[in-house]
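Here the structure is laid out as structure tokens; the discussion comes afterwards.
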Amino acid sequence: MINKIVPGLAQAVSGIFDGATVMIGGFGTAGQPAELIDALIDQGARELTIVNNNAGNGETGLAALLKAGRVRKMICSFPRQADSQVFDALYRAGRVELELVPQGNLAARIQAAGAGLGGIYTPTGYGTLLAQGKETRRIDGRDYVFETPIHADFALIKAAAADRWGNLVYRKTARNFGPIMATAARCAVAQVERIAALGELDPESIVTPGIFVQRVVQVAAPLRLAA
Amino acid sequence: MINKIVPGLAQAVSGIFDGATVMIGGFGTAGQPAELIDALIDQGARELTIVNNNAGNGETGLAALLKAGRVRKMICSFPRQADSQVFDALYRAGRVELELVPQGNLAARIQAAGAGLGGIYTPTGYGTLLAQGKETRRIDGRDYVFETPIHADFALIKAAAADRWGNLVYRKTARNFGPIMATAARCAVAQVERIAALGELDPESIVTPGIFVQRVVQVAAPLRLAA
Amino acid sequence: MYQSLNRNQLAQRIARDIPEGSYVNLGIGAPTRVGNYLPPDREIFLHSENGLLGMGPAPAAGEEDAELINAGKEPVTLLAGGCYFHHADSFAMMRGGHLDICVLGAYQVSVAGDLANWHTGAADAIPAVGGAMDLAVGARRVFVMMDHLTKSGASKIVERCDYPVTGLACVDRIYTDLAVMDVTPQGLAVTEIVPGLEFAELARLTGVPLMDARAPVAQAA
Amino acid sequence: MYQSLNRNQLAQRIARDIPEGSYVNLGIGAPTRVGNYLPPDREIFLHSENGLLGMGPAPAAGEEDAELINAGKEPVTLLAGGCYFHHADSFAMMRGGHLDICVLGAYQVSVAGDLANWHTGAADAIPAVGGAMDLAVGARRVFVMMDHLTKSGASKIVERCDYPVTGLACVDRIYTDLAVMDVTPQGLAVTEIVPGLEFAELARLTGVPLMDARAPVAQAA
């Protein structure tokens, strides 16, 4: 019998190695798997490359991982926010590398990785600083930038419910990057509020099929940070 | 008030012009919008380029459109089937052009069109007849073929239910190409079995958001062909 | 003397130009206010890039949901008929030409419609781009909402952007506190000026060539 | 004398090698039969490229649903825990390396693992490819299920494919009615032969270099 549900957070993040690329779901704090991130801090992996839309809010979650000095590089679209003081300080001190990616390119590159594409021509960023040094191409009269897929070793995401096969459904705008990050990681780990019996989730409404999920851990009452 | 529901099949297919590229949903007969195709035959547009996974089954639906001589070119992955006699005869007579596309490239090219990509590097077909003359590229040690998006003027698809904003849900494996074709066409037309009140479809479970759908027509008891 | 529009008046002015049935993304910051003035008799679909369509107004106090937010990370609501989707689908809407209109703030817009709104270019600034570049190239029509002049009185409408650009030749129309201008192949066409401001004075303040394209009725108003 | 495996025996032999928890696509035609022999004590996830995962057996007579079919357009069922998705998501599973195993029929396989299974190459044939090329390049492991010899006695395992190829160097293992062979960088490694058939005779029938990689136990069996 296949049961992807692991008993605790420590098992959920086991095996994340120094230097790993880890995608972390969430847009701001919505959908951010705060408990998995805390477990990753406890677990101790260092020199991580983190892929997330942002670069941490306040002092918890991704910000705490940054503050703990575990992140070598951030790949994100919007690091600078009112409460991104942890990242800001590390960045200004030269202690974290930043790859800034337009949000749509970030999503498309993650999706391309999950779908097995070798590269894509994207309209976004053409003629801007963020395309400097990148290959461009005119196709049917429009200019595009060549972008490569972003693969990850692990993805840490948050969903509303899962069954033991790893099928996932999400809640409102906490869905955001979760479904595509799950496809792009060799090991996708989902923290979920609720475990559903097999067959309970409507087969028409499962958002992430279990094939994309390797581990599930229940966090029944997750920290719901203010937006 | 926005109401994308049109009163009948004739209005649903109005404006399809000679020479148009028309995507038609369905995998075999599952999800094939048979009544919309019949309406297209009645409507009379000629010299069409049709994008569908197959090239018609039996004598109805897409096969009838082919038989009526309206199709200049088929873009599909699997034209030859036990009951594809209509296409077979036209093809052998040189009366219809065929662009054969591996099924995954077909899906990816349609999705790329809907997502605004200029092109993609796909692993499928490298080193085969179907990549002859196409640009190839080695990326991270693997070989890919350059493929361009497939856009359409119209998409004719079948769904289970829609609301007046054009939100769609599907039924079982009749979903297949519907969601991606809707994104790739300037005018996506959905025949649905049921009209739902606005707000009745679960916002977590809508498969095709209304932004991708321009017209909806109800066909309460569609022809359900044998698979 | 003339009276420039305040932020809310400008938002209201822009809202008037959004037709029923439009799919619209309102950028973070001032453009969000346009949502407050959409005519209640028009159904307009608001998109937020973090994965919702059919966005409704802010929730009542105490009813905020940290998992129902907009791109500015503010709590919002969902209208009946709205729906949720993941980020790749959301950006497919934006980049695939499915949005009719987006409204964006700007540091500068060039006469060719180049947009600069993501980076001040300051050496010590931490850059952040979000979805700005995707909206700039992806929406069918890009409306810019901004002050006409900087605080020091320099024109934000320029021959060439000094700030790093967000997108090239992507702006369709500029709404400022002083005027409305269309970006055309022939140059900037002024279609409205606030009452009391002469075209010549607007042109002087702007500092780049402008065409007077005001309708006779609009001039009389 | 030796007895070659019939189609069902071959399907059963392949089924034995599919570990619990595998995500598997069974190609149309003979490979579909592998599904009939999957050990009931193992949970194995069957994928069908037309948009379902967790495919169950054929429905009882009279319970067919024309909208619940497999890639071969035959009626199937969905297991509890299965789900539906659209074609791009389905092929993302196949092309993105998410399927552990696919089982495909073949006209020919080369010693380098090139696969030919989509086109006879006949001048008047109407070509049809479906998802064969996607499975060939996308699944982590590609198993081929075929007769060892053509009806006229020619080997289907060849130095180079005569038929148009489906994919290059994509086959991992070949199951025939006579033997099981792994495609390795050193060449084809025979791991099993049907009882009564000598390695030398298999090599003679096959006509390309083979390595004997049978385990001592398997030889004794």
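In order of appearance the chains are A, B, C and D, and numbering begins at 1 in each one.
Convention: a contact is a pair of C-beta atoms (placed from the backbone, for glycine too) under 8 Å apart; a residue touches a chain by one contact, two chains touch by 3 or more.
Model, not experiment: these values are computed from the prediction.
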item: Chain labels contacting chain A and also chain B; value: C, D
item: Where chain A and chain C are represented by their mean Cα positions, the distance between them in whole Å; value: 30
item: Length of the line joining the C-alpha centres of chain A and chain D, rounded to whole Å; value: 35
item: Shared interface positions of chain B, touching two or more other chains; value: 108, 111, 115-117, 122-123, 170-172, 204, 207
item: Residues of chain D touching at least two other chains; value: 78, 84-85, 88, 91, 94-95, 138
item: Touching chain combinations (by label order); value: A-B, A-C, A-D, B-C, B-D
item: Touching residues on chain A, where the partner in the complex is chain D; value: 1-2, 111, 113-117, 163-165, 167, 183, 198-199, 201, 203-204, 206, 209-212
item: Parts of chain C lying in touch with chain B, wherever the complex brings them together; value: 20-21, 23, 43, 45, 47, 53-54, 78-85, 88-89, 91-99, 138
item: Chain A-touching residues of chain B, taken from the complex the two chains share; value: 108, 112, 115-123, 137, 139-140, 142, 144, 148, 169-172, 202, 204-205, 207
item: Residues of chain C defined as touching chain A within the complex; value: 48-52, 64-69, 73-75, 78, 84-88, 90-91, 94-95, 119, 124, 126-134, 137-138, 164-168
item: Chain A residues touching chain C - in the complex, by the definition given at the top; value: 27-31, 53, 77-81, 87-88, 91-92, 98, 100-105, 107-108, 110-111, 122-130, 170-180, 207, 224-227
